[in-house]
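Going by the order they are written in, the chains are A, B, C, D, E and F; count residues from 1 in each one.
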Amino acid sequence: MPDVDDRIARGRDILAALNPDNEPMLDALFEGVAPDMTAMIQGFFGDVYARPGLPMRERMLVTLAAIAALGHAQPQLAAHIRNALNLGLTRQEIAEIFMQVAGYAGFPAAINTLATAKQVFSQDTNR
Amino acid sequence: MPDVDDRIARGRDILAALNPDNEPMLDALFEGVAPDMTAMIQGFFGDVYARPGLPMRERMLVTLAAIAALGHAQPQLAAHIRNALNLGLTRQEIAEIFMQVAGYAGFPAAINTLATAKQVFSQDTNR
Amino acid sequence: MPDVDDRIARGRDILAALNPDNEPMLDALFEGVAPDMTAMIQGFFGDVYARPGLPMRERMLVTLAAIAALGHAQPQLAAHIRNALNLGLTRQEIAEIFMQVAGYAGFPAAINTLATAKQVFSQDTNR
Amino acid sequence: MPDVDDRIARGRDILAALNPDNEPMLDALFEGVAPDMTAMIQGFFGDVYARPGLPMRERMLVTLAAIAALGHAQPQLAAHIRNALNLGLTRQEIAEIFMQVAGYAGFPAAINTLATAKQVFSQDTNR
Amino acid sequence: MPDVDDRIARGRDILAALNPDNEPMLDALFEGVAPDMTAMIQGFFGDVYARPGLPMRERMLVTLAAIAALGHAQPQLAAHIRNALNLGLTRQEIAEIFMQVAGYAGFPAAINTLATAKQVFSQDTNR
Amino acid sequence: MPDVDDRIARGRDILAALNPDNEPMLDALFEGVAPDMTAMIQGFFGDVYARPGLPMRERMLVTLAAIAALGHAQPQLAAHIRNALNLGLTRQEIAEIFMQVAGYAGFPAAINTLATAKQVFSQDTNR
């Protein structure tokens, strides 16, 4: 596992490539409460997402499936749906993930997840 | 539950292609308790996994990530790790999924998931 | 997903009997995101709720208890509270379910569930 | 915790009527760790299960559905499956509950729950 | 539910010492739905929080950590963050709890929890 | 957030101070599956547990409460109960945490947690 500045810098780059709004969004969220959380999250991305073991598209599938299965994390899910769209996943592919999660985490988690996806898609008028 | 219809037949084929042991394992599990569950699960596979929206490899990533995030479903996870190995995912790719899930569902879910993976890998001497 | 088959037709009838708004609500929710989800949910109702093993009133108790225990599915819970009222469960019976769930899923799940129930009851001026 | 009061006595009676083994099982479980937990649980039963709002059979359905949806509580579930059998629920009715929970908490929770049920049924040779 | 007994009176006092708004808030929440829930919650506080085994500050840490880990209980969490501030926990200490929970329940639970904390802190202009 | 080698080294020291068995246990667990996980966990401890915001005793309370609330992480919980005992928490204090968690995550999570605690206590014959 490599150098620390490196891992945070690397994670910051990964998050910025997914969506330039990610860092300002995290900074605004944690401002005055837990400002070091942005670096903790960037460090996690630098440690894990930067690993060569899975391509970024597949990492995004894993993240969307995992958060959808939790059922309780709609704001986080919205941010990652935007990341996935920016990375090139289609709306239909994202919806497929959530339909499949229904079998493992139940219909309510899937339905609420699809409602979040629909809301994000409606704000995403570039595609 | 009606006669075996197209969706159940299609799901049975998908599950058998992943692992010929899936159907006898499910039948043995539900025998004398809930024998119709095998067809319900096959029907879900026939409805969802058969859809063209995501390739099977990516559906397997979604399933492993979703079950790992639940945290409580180690026996189910073991069966799907075997399916994933049969489909051609490498041990390292499967481990990457679970390391990444740590960020979304926490270290305990990831650690216990990796313990299950290790156990399955040790029984899987063909690879 | 194949043509509407017996199980989907049966599930649609069950959902419509519980609340004629169920199908348009599901269709509106999934429109443009995952339109096949309505049939998947109807198929589940056709497979499970149509079984003779438990009367509909008891199936509704099971559903309300299960969703309440999840803790994260308030919109789904609201829809099923309306179904339960239409089926003849009293407000007091519904509240009893959620009070009891407190012991198994904790006070926060029960409190938020009761807040959802209160909101549904206040919109349900026919009873 | 105060002297055994009415609610604890009432809950003890309810638990003993469901299964005379409940109190010794709880006492053995908590001995040397948290002996007051038995009274806390009995008090919960005395507060909630004793309420007239739902008959005991329906309270048992609620409990089995809620614990099944949690996914992680197989030992507790086994104890309540025994209580349910003693109360007169049939094996088929208990299995129906868990099949239905699949739609709300996912297949893994339902499958593991049915495995627990099968184990309890196999030890229950009186019926 | 019996007459207000010692445990309920004791729990009411503990909750009122944490925040005089707790009882009216609970009463308003449960009014017309499940009015006995206020006493059930007070009884739980009287049974558990009144025990000498842990000081109140440490009980508050336990409660905040447990609710944060659930991920789905933001309204409950907000009430307990207010209780914690009234008890003398600093904003920084409360944020530390939630940052640490990230490792056990994942970033989404921690992020949403910190968003709730930020909102409560912004309404809490006395400190 | 400081230098990387520093954070892993610092986390390793913290974990070793809690229990010299922690690092070999983690290494053995992840050997051949995900060997970098040990450093990821140590890095988390170096980032979070090393922060001055909460004393180690209080961090241990937070960790035990959070893992107990998850309900599904008994092996992780056992390791942290050992850490807590080594740090000087008494058996009674640990049991108090889990009794209190019952109110937030339900009786099943608390009961299974106390069963794990009992097992750890019985292996811990030095105290």
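Basically, contacts are C-beta pairs under 8 Å (C-beta built on N, C-alpha and C of every residue); 3 or more make two chains touch, one makes a residue touch a chain.
In this text, all values refer to a predicted model and were calculated from it rather than measured experimentally.
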Chains in simultaneous contact with chain B and chain E: A, C, D, F
Fraction-based call for chain F against chain E, same above half, different below: same
Relative to chain A, chain with the most remote C-alpha centre: D
Copy-to-copy rotation for chain A and chain E - C-alpha atoms, rounded to a multiple of 5°: 120
Inter-centroid spacing, chain D versus chain C (mean Cα positions, whole Å): 24
Computed distance of Cα centres, chain E from chain D, in Å: 28
Distance between chain centroids, defined by C-alpha means - chain C, chain F (Å): 39
Contacts with 2+ other chains: residues of chain A: 36, 40, 44, 48, 67, 70-73, 95, 99, 102-109
Arrangement of touching chains [line / ring / star / complete / other]: complete
Residues of chain E that touch chain C when the two form their complex: 29-30, 32-34, 36-37, 40-41, 44, 67, 70-73, 75-77
Chain B-facing residues of chain E, complex: 102-109
Residues on chain C engaged by chain B in the complex (per definition of touch): 1-2, 5-7, 40, 43, 47-48, 51
Chain C partner contacts - residues on chain A that touch it in the complex: 70-72, 91, 95, 98-99, 102, 106-112, 114-115, 117-118, 121
Residues of chain D that touch chain C when the two form their complex: 44, 48-49, 51, 53-54, 58-59, 61-70, 73, 92-93, 95-97, 99-105
